[in-house]
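Written out below as structure tokens is the structure these notes cover.
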Amino acid sequence: AGVFAEEGDQVNIAGSSTVFPVTEAIGSAFSEENPTVNLSLSKTGTGGGFGNFFCAGRTDINNASRPIADAETEQCGENDITPIEFQVATDALTVVVNPEADWVDCLTVDELHDIWRAGGAERWSDINEDWPDEEFELYGAATTSGTFDYFNEAVIGEEENHRSDYHATERDRTIVQGVQGSEYAIGYFGFSYYSENPNSIKALSIDDDGTCVEPSIETAMSGEYTPLSRPLFIYVAKESLADSAVRDFARFYMERAATDLVSEVGYVPITEDQRDENVAKLDEAIAEVTE
Amino acid sequence: MSQPDFSHDGIRTARGTAFRYLFMLCALLSILTTVAIVATLLIDAVDFFATVSPIEFLTGTRWSPTNDPVAFGVLPLISGTLIITLGSALVALPIGLLTAIYLSEYASERRRAYLKPALEVLAGVPTVVYGYFALVYVTPALDTILPLSTFNALSASIMVGIMIIPMVSSISEDAMSAVPDSLRQASYGLGATKFTVSTSVVVPAALSGIISSFILALSRAIGETMIVAIAAGQTPRMVDLTDPAGMFLDSIQPMTSAMVQIGTGDIVGQGAAYKSLFAVGLTLFVITFVMNLVSELVASRYREVYR
Amino acid sequence: MTNKQMTSSETEQTDDQQPNPTPGTDSLADRGTDIGVETSSRDDPATVTDRTIIESRDLDVYYGDDQALNGISMEIPEQQVTALIGPSGCGKSTFLRSINRMNDLIDIARVDGELFFREKNVYDDDVDPVALRRRIGMVFQSPNPFPKSIYDNVAYGLRVQGQDDNLDEKVHTALERAALLDEVEDQLDSSGLDLSGGQQQRLCIARAIAPDPEVILMDEPASALDPVATSKIEDLIEDLAEEYTVIIVTHNMQQAARISDKTAVFLTGGNLVEFDDTTKIFENPESDRVEDYITGKFG
Amino acid sequence: MTNKQMTSSETEQTDDQQPNPTPGTDSLADRGTDIGVETSSRDDPATVTDRTIIESRDLDVYYGDDQALNGISMEIPEQQVTALIGPSGCGKSTFLRSINRMNDLIDIARVDGELFFREKNVYDDDVDPVALRRRIGMVFQSPNPFPKSIYDNVAYGLRVQGQDDNLDEKVHTALERAALLDEVEDQLDSSGLDLSGGQQQRLCIARAIAPDPEVILMDEPASALDPVATSKIEDLIEDLAEEYTVIIVTHNMQQAARISDKTAVFLTGGNLVEFDDTTKIFENPESDRVEDYITGKFG
Amino acid sequence: MAADTQEASVDSGFGQISRTKDVAFRLLALAATLIGIVSLAALLLNVAVDAVGWLDWSFLTNPPHPNPNNAGFLPAIVGSIAIMIMIALVTFPLGVGAAIYLEEYASDGYLTRFIQLNIANLAGVPSVVYGLLGLGLFVGLFNIGYGSVLAAAFTVALLILPIVIISAQEAIRSVPDSQRQASYGMGATKWQTIRNVVLPRAMPGIMTGTILALGRAIGETAPLIMIAAPTTVFGVPNSLLSKVSAMPLQIYNWASYPQTEFQYGVVAAGVVTLLVILLTINSVAIIIRNRYQQRT
């Protein structure tokens, strides 16, 4: 930028808070091997990352918990940024309640829909008469997050709006604390935030087609946990691959995404086949820009 | 006899002038800073007000910059700021004033020598640390006796209050120390006790200094960011002033906290949602600027009284 | 007229502040007139009681390690004006402040010996200095009204002492006695700070007498005032002595001679050198040093 | 001895500071001896040049709207000691500061009229006050050494003026001339603040003479010192006048009489009332007011 | 002595006036004085206890990591120090220059009073607003990169500049005028006087004020957030345009991590580290002040 041309050993990343722990773990490992590379990582939500940083040419890589949207591709194109998509993990979007909420263990997708749509239920008893006559305290993802987009699409649908009177935040920890602090709270976020706090919050099973399936790495991997299991991505700007630091980091990322590093932070690692596919895609892009 | 030569030395004069203007430039930088602040805020705020009418902004009671239907009423944020200011005032003003009285009227020289710096440590602790204290220690502790939300105005107010105590106490104490001893003597001579001397002579005589300290401290509370961003929550709601419990026990969202939320990337750039950051910033700037100005004017009055 | 000239050698002595008393040859009585003492008319025995209201016995006062008063013993008569004179730093103010225990407020001050107010030693443990001060008013060197209204200034002591019945009446009476009422009657609500220096000092006197004390202590009450204001204050002091006991510190010997019945002369080192009727002190002092001091040889 | 007594009426006059001169009957010459003037031995014509180094013509100085000097005209001779005396506030310091344009540093000060230094008007536009001050040294009322080493204090002016060749030698010479070298020779590196008051003042004199000015201005250089230190400074001043022109403001008439060749008497209102040989001023002044002032009638 | 008739009333008249209010008020005022200090001490004790076991060498030398046991503070520490050095380089000359102008050059006119009032006001502008200024000016207009060392340093420098100016002015004002007079009397120019007399004497005071202001700077978070400083940085900054993290920012970020170990361990360790560094900075300032305490 400007007169101070950026040095080659800088890799800038922004985007999804869901993917953040994966990238952080891999970034940490990378920087221990490459201490001279200055790797920066921002948690801005998938949309915030694309809109404010990646497609504006300010970052090299964007974390994403949903595929890039058409409008975003267009914005990138205007700035001559070519996003390349790599799936790096699978997540189980998890709906959580307070551990004291012993009346509920499983919700159907319709019930979820009713709780989270604009103008829907206000109280637990609106869903089920046996449940307490208490207002929901709702914690969810901010509108810039991929989590919001994914949940909105999978649960609310096109015709209706996600409600807006809830604690909306990019800081998932806030949701953990909020739900933990109130008996009548309900919230949703990426599986990892649940897997780190299994005692302070309770994950609900989701009933899509008659059976309640609990969120877990296994059910997500096997595809049983629907409709809330989802792929997680990173997008690399093809132009940035001209930079050796970005190249090295992207290669490193692809290798490590298939390892325990990912499951340790609570997600499903990609398979070795997916990894090979990613590496091939990456090498091809690198070859193009380094000609 | 030939006249002596006292003519100006060109280099010396030029150097003197150069330094003069160099230093003047440094001083003018402060004015430039103010201009830059106003300009940055105004340029984007004007953009914002092209899409959202100032009236809607200033009178609207719903703040929902991204969720459909979007709404840009700043009042919920102002009411959140108000709560924090009120709460911290309840903590800091009485404690700060009593502290000032203690330091100026009761404490011995020696005791004051270590109490004052100790108090000033309070103002030096980074606010992010206070925010963390509020969230991790104060809220859980208060939660055992009050039905408190995880994010609430109460712990945030208490922490903001503790942080601004030294502002109230040291400025008030300066004003009290400026009260001439002859007035105290006059009062003691009439058979007054120390309590009477403090409350009926010293405090009234130092009143403008005390008020100035109050305004300045409240202005600081209004602008405080990290404590509320961490501990007060992100719920922009109109606060019901008739319901003190609801005011303090639940989550709110002051202006500064909303700015941080937008700033951390929760909102995608360019649109009105993002520009609203500057409109809120401008509102905050105007409020605190006016308060600082008033405080400065009030203070200059007390400085004149006993000179 | 030759005796009006000060020689250069005397100038030098004055500079060095080293008194070198030379016994004069004139008669002391003559000199009394010489220095223009207009002795007070108040030593007419009919208006003077002889009861002692304050008595100090062997009073020492120390500031830290420095002794400011050295074995002061004196009996101050009721309803008379007693003047304390002496060179700067000799302890006049210190003595005055030890009467109503204002010295208590100075951390490093320490008092030895006894001081009786109506035969009660005010330094006894059971004496509350606050209660003591309520019976002894005090007026200071420069006028120090509170930044409050004239009314509130005078009412202050009354309120502090819980005498707040008939406040209006008492305030008016005090202002009247302090010869200030006529000048401020229409502006009781305006600030005491808006008055002239002389008026401010009379306001402070009104404030001191409003709670009806028995003794009024005055520490150079006119030294910050111009001659006109000073003479008003002097008249007032003479009037006050009809009801109150007045003890006044002054630097101005003419003032002491004019207004007091008794005069105490303190000299450097905190010693009381002579205490007697004012006429006696100014016309025929016992001590050479007092004579020197009064005739302006040093100080 | 009777003329040593100050009458009360005189005391009063002194309080009011309103001089009321009474023509004396004694011979003025007699009184000269009477006030103990030991007239300077330096008026031996052999050591005194008669060239004028500084001349003021109708000099007025104002501070804002207040006039501090009123039409001062005087010619100050080279290589002599000229004393400026007069009561407080009469403008002595103001006159001194207008010689080296130190008044320029006071925002509200304004100068009218002319002041010549070796026939050049120092208030001409082409005069750089910095250059002027390099030829006129100045010593102040209380010693004000910089918080630097003794050496650096003396070297300060040399460095500032770019005369930094042979620094060591010049510093030593200056200290020697200021009669300080013997006392500080071994501690040139220690702070100037560690010296006694008298030594500090001699250090300031050394600092002033180090860059070899032509005139030395001294504004009550001994008023903050004890008698022993003062007498050392006085000796020094007499020595300095062998090489420099010294202009000294003093409050102490004996000092003026002892050390100066010429004396200028300023009186209240910023007027120069009399300027003449010191012997003449102290033994036989023209003006009654000067006589009154010198004999201590007021001021 | 006569006067025996009044004796009864005399003794009763000197009895104890009620001091309940007096004593109660004194205790209340003392309690008020201590309440802030004591509660802060309690919180500090809590955080120190929580930090035990977390604050170790590897914490100080590792990069951040999602696993609390591996999480480290190094990039944030280095980032804070880098920002601080830059701030010092910017604010010291500007602050001292402005103070010299106001104290030594400016006459007491409207402009001077306006500048003075303006500085006092700037000292009270909320830090989050300075963040917006940095965002608009340094990130936007001058385009020196979001969250870069330079953008962060310039933004926070503007924030503490008024504090530096005000304390430098106080230090300069405390130089006795007799010293200036002496210098001018020697034929020194204004600049020579300032450089050789005023500044050396005022320097300890200026340093103390500047260092204390840097202490304030090191704790600032909101302006960094506003200029989009990254959440996490691995590796230390290698140029002025490198993205930078800072201690308070990293603490703020860790406070949002899912694991409780972050809340009651890693964050506590970060807080203790930050406070220790802050305390060190402030003690340096106090040592300078005491060492050069001026003789007058």
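To keep things simple, chains are lettered A, B, C, D and E as they appear, and every chain counts its residues starting from 1.
Just so it is clear, a contact is a pair of C-beta atoms (placed from the backbone, for glycine too) under 8 Å apart; a residue touches a chain by one contact, two chains touch by 3 or more.
Since we're looking at a predicted model, the values are computed, not measured.
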Quiz item: Measuring between mean CA coordinates, which chain is farthest from chain D?
Solution: A
Quiz item: Which chain pair shows the largest tally of C-beta contacts?
Solution: B-E
Practice problem: Go ahead and note the Å separation of the Cα centroids belonging to chain A and chain D. | Solution: 86
Exercise. Calculate how many whole Å lie between the centre of chain A and the centre of chain B, each centre taken as the average of the chain's C-alpha atoms.
Key: 38
Quiz item: How many angstrom between the C-alpha centroids of chain E and chain B?
Solution: 15
Practice problem: Please compute the C-alpha centroid of chain B, do the same for chain C, then give the distance between them in whole Å. | Solution: 51
Quiz item: So which stretches of chain A touch two or more other chains?
Solution: 14, 42-43, 52-53, 174
Exercise. Specify, in ascending order, the residues of chain E that touch 2 or more different other chains.
Key: 17, 189, 228, 255
Quiz item: Out of chain D, which residues touch more than one other chain, so two or more?
Solution: 130-132, 135
Practice problem: Sort out for me which residues of chain C touch chain E in the complex. | Solution: 50-53, 55, 75, 78, 116-120, 122, 126-128, 130-132, 134-135
Quiz item: Which of the residues in chain E come into contact with chain C in the complex?
Solution: 1-4, 6-7, 10-11, 13-17
Quiz item: Along chain A, where are the residues that touch chain E in the complex?
Solution: 1-2, 4, 6-7, 9-10, 12, 14, 20-21, 24-25, 27-28, 30-32, 34-43, 52-53, 58, 171-174, 176, 192-193, 196-197, 200, 264-265
Self-check item: Touching residues (chain side chain B, partner chain D) in the complex
Solution: 1, 3-9, 12-13
Exercise. Give every residue of chain E touching chain B within the complex, in rising order.
Key: 17, 19, 21-22, 25-26, 28-33, 35-37, 39-40, 43, 46-47, 93-98, 100-102, 104-106, 114-115, 117-133, 135-137, 140, 158, 161-162, 165, 189-191, 194, 212, 215-216, 218-222, 225-226, 228, 248-249, 251-252, 255, 263-264, 267, 271, 274-275, 278, 282
